[in-house]
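Each in structure tokens, the structures are laid out below.
Presented sequentially are two complexes of chain A, the first with chain B as partner and the second with chain C.
Then we have the complex of A and B:
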């Protein structure tokens, strides 16, 4: 019986590959876009303009304070009501990018604020413009703080991409739901789905750990 | 008591009735002071007397509430004054060095010349090497700040300022964070800069430095300039009780 199920599962591997491809595609596009926008938002958030900074802060709080599933439904079902036609893939990308940008914005803000004031004062005193101070002095130092949690956040976001199956995108999780209808062994099917996510995430987990160790070494932390 | 600190209003740095508050605290009280081109002025006084705030106002790291502050002919706070441009003419040396930790000594020195003055990289690096050699660090060109001692870092910081060929150099307790054996190497560099005719304001308690190169010592207490005179006058014949009390404390050891 288990043998039959395995055979049947093996037959579903093209579907599984498609699902894995969709998950990787969604994650890749939204993480790249989310990182770019997240850095932009983080830089603006720490800038001098109170209105912009406040607006970004409010948006980030809103997104962090609501479930991702609800955000996806709002984008996928409400926007068409307002006359914006979206296919499921675009809606998924928008929702994931927005989520990624908001979390990454917070990480970038924390990194920028960790750079000592004296660094900014030294850059100011030598006549560097705001963008030059950011580009030459603040961001390179903030990156050391930002990088480990950033990669960690990527892992969380890749897993959050499973939520897009709710709007009908055939990602890894949805493939699980489809296959389990043919192969009635939920444990086995979703174990394999889990393995699929793990294969994508594990290299990033290792990378995050290495970055953290390098940071610790650079700061001369006492080994516990 | 009135102090005639402003001569004829043609100073490189001109404070006229400057006031500043931190909340309810009047940190600068009616400051009037003129520093002539090529003059070296040492500012001293007890902790919290406003000395650092005074020189931080000159390059706009602090803003003033009222009064006039004119630097190199430009009035601070005036919409016509380009503060970023003015800052390129003013070198500022910090107590805690504030070197960029992710850049080498040479990169610290060449960053602003390349990006602000738009000097070609090769030319800026040549000038940077010469400056580092001048402060005695020719062999540390490619060292990162973390690989340098405090005294060496502060000398790089001075070279970083000199790289912009400023008209004015401001020093905010440049030797206070240093181990005693490193103080003189930094002071030697400062003396050399002073002897080349730089306009300088130096917040320091280094009497030797003041006697050697300062034309004037300004003594501050509780946000006000209490006394001002030549180093000889000030150290040998302080005029006020407050300056006598201060000198007795720093000269006791």
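Then we have the complex of A and C:
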């Protein structure tokens, strides 16, 4: 019986690969877009314009305060009512990008605020422009604080991409769900799904840990 | 269409939303209690010097952190019956949330205990305290303080994660929104309302985290 199941599972191998491909694709696109937008929002938020930073703060809070599943449903079911035609893949990308951008914005803000004001004043005194100060003085120093949680955020993003299976995208989790309807061995099927995610996420977790140690050491903090 | 956004329907469905909210709250409370239990055991195992307990604890924590909660939920939901364990969806959901959050709680507790300077432990040893006394009177009271705000942060994550239980048909808040969306074909009314309820819970817990930070005299706590 277990043999039959294994054979049947082996038959689902192309489907599993497609699912993994979808998961990687979703994560990668929203990771790149989310990072760009997140950095933009973070820089704008610390920019000193009260209105802009207030608006960004409120939006970030809205996104951080609601479950991702609800956000996906809102985007997927309500945007069409507003006249925006979109398929599940686009909806998933929009939802994931927005989520990533909001969390990365917070990380970037924390990084920028960690740079001593004296540095900015020195850059001002040296006659650097606003952009130069950001690009050459603040961001390079902020990256120490930003990098470890940023990589951690990527792990969260990959895991959150599993939630888009709820609107019918055939990602790795959805493949598990489909396969388990035919091969009634949930332990085995979702163990394998877990292995798929583990292979993608675990190297990133290790990287985040390493970065944390290195960046911490660079700050002269004592490692325990 | 959003121009005929129906507040009347929302009011009509308010009892359903209320039930969903109450379910989300109490299942989150139970799951968080479970997560604390799992987390304390894992943290204790992880802090042992011998590898016998430490390795399994680390493996568990890494496995949980590297896989999505939804896959873990389905693992239990489709897998437990296979082992002959038939549980109601609600119980499976609470179990999945506890086991998942427990791994994160374990790391928070471990970080809290490790944040106590080594000198304090040595001072305890020098004063002739036993291991239990050092834990009870020196380490835990101080570690407790620093773990409260991140634990509340984890509670926020858990409440939001509980929305996934709607996918295995647990009648919680998100499920109430889905029902309104499918019964009346009013997704806007359904999902905006539950989003508002989740925000209520979020700001409540966030306020609590900020307050606890102030009470405990921790400066600049962010969750």
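What to note about this one:
The rule is simple: the second predicted complex is superposed on the first by the 223 of 224 C-alpha atoms of A that agree within 3 Å, B and C clash if a C-alpha of one lies under 4 Å from a C-alpha of the other, contacts with A are read in each partner's own complex, and residues count from 1 in each chain.
The definition used in the following text is that a contact is a pair of C-beta atoms (placed from the backbone, for glycine too) under 8 Å apart; a residue touches a chain by one contact, two chains touch by 3 or more.
Keep in mind that this is a model prediction, so the values were computed, not measured.
When both complexes are overlaid on chain A, the residue A:49 reaches neither chain B nor chain C.
More residues of chain A lie in contact with C than with the other chain of the pair chain B and chain C.
After overlaying the two complexes on the shared chain, residue contacts for A:7 are found with neither chain B nor chain C. By the touch criterion stated above, A:140 is placed in contact with chain B alone, chain C being left untouched. By the touch criterion defined above, A:118 reaches chain B but does not reach chain C. Shared-chain residue A:213: touches no atom of chain B or chain C. Look at A:68: by the touch rule set out above, it reaches chain C but stays clear of chain B. Contact with chain B, but none with chain C, is seen for A:132 once the two complexes are overlaid on the shared chain.
Those residues of chain B whose C-beta lies close enough to touch chain A in the complex are 59-61, 84-85, 87-88, 90-92, 94, 96, 98-102, 111-112, 115-116, 160-161, 164.
Across the interface of their complex, chain B is touched by residues 116, 118-119, 121-129, 132, 136-137, 140-141 of chain A. Chain A contributes residues 62, 64-71, 73-74, 77-78, 81-82, 110, 155, 158-163, 165-166, 172-173, 176-177, 180, 184-187, 189-191, 193-194, 197-198, 201-202, 205, 224 to its touches with chain C in the complex.
The touching residues of chain C, when paired with chain A in their complex, are 1-2, 62-63, 65-72, 74-75, 77-83, 114, 118, 160-164, 166-167, 174, 177-178, 181, 187-188, 191-192, 194-195, 198-199, 202-203, 206, 222.
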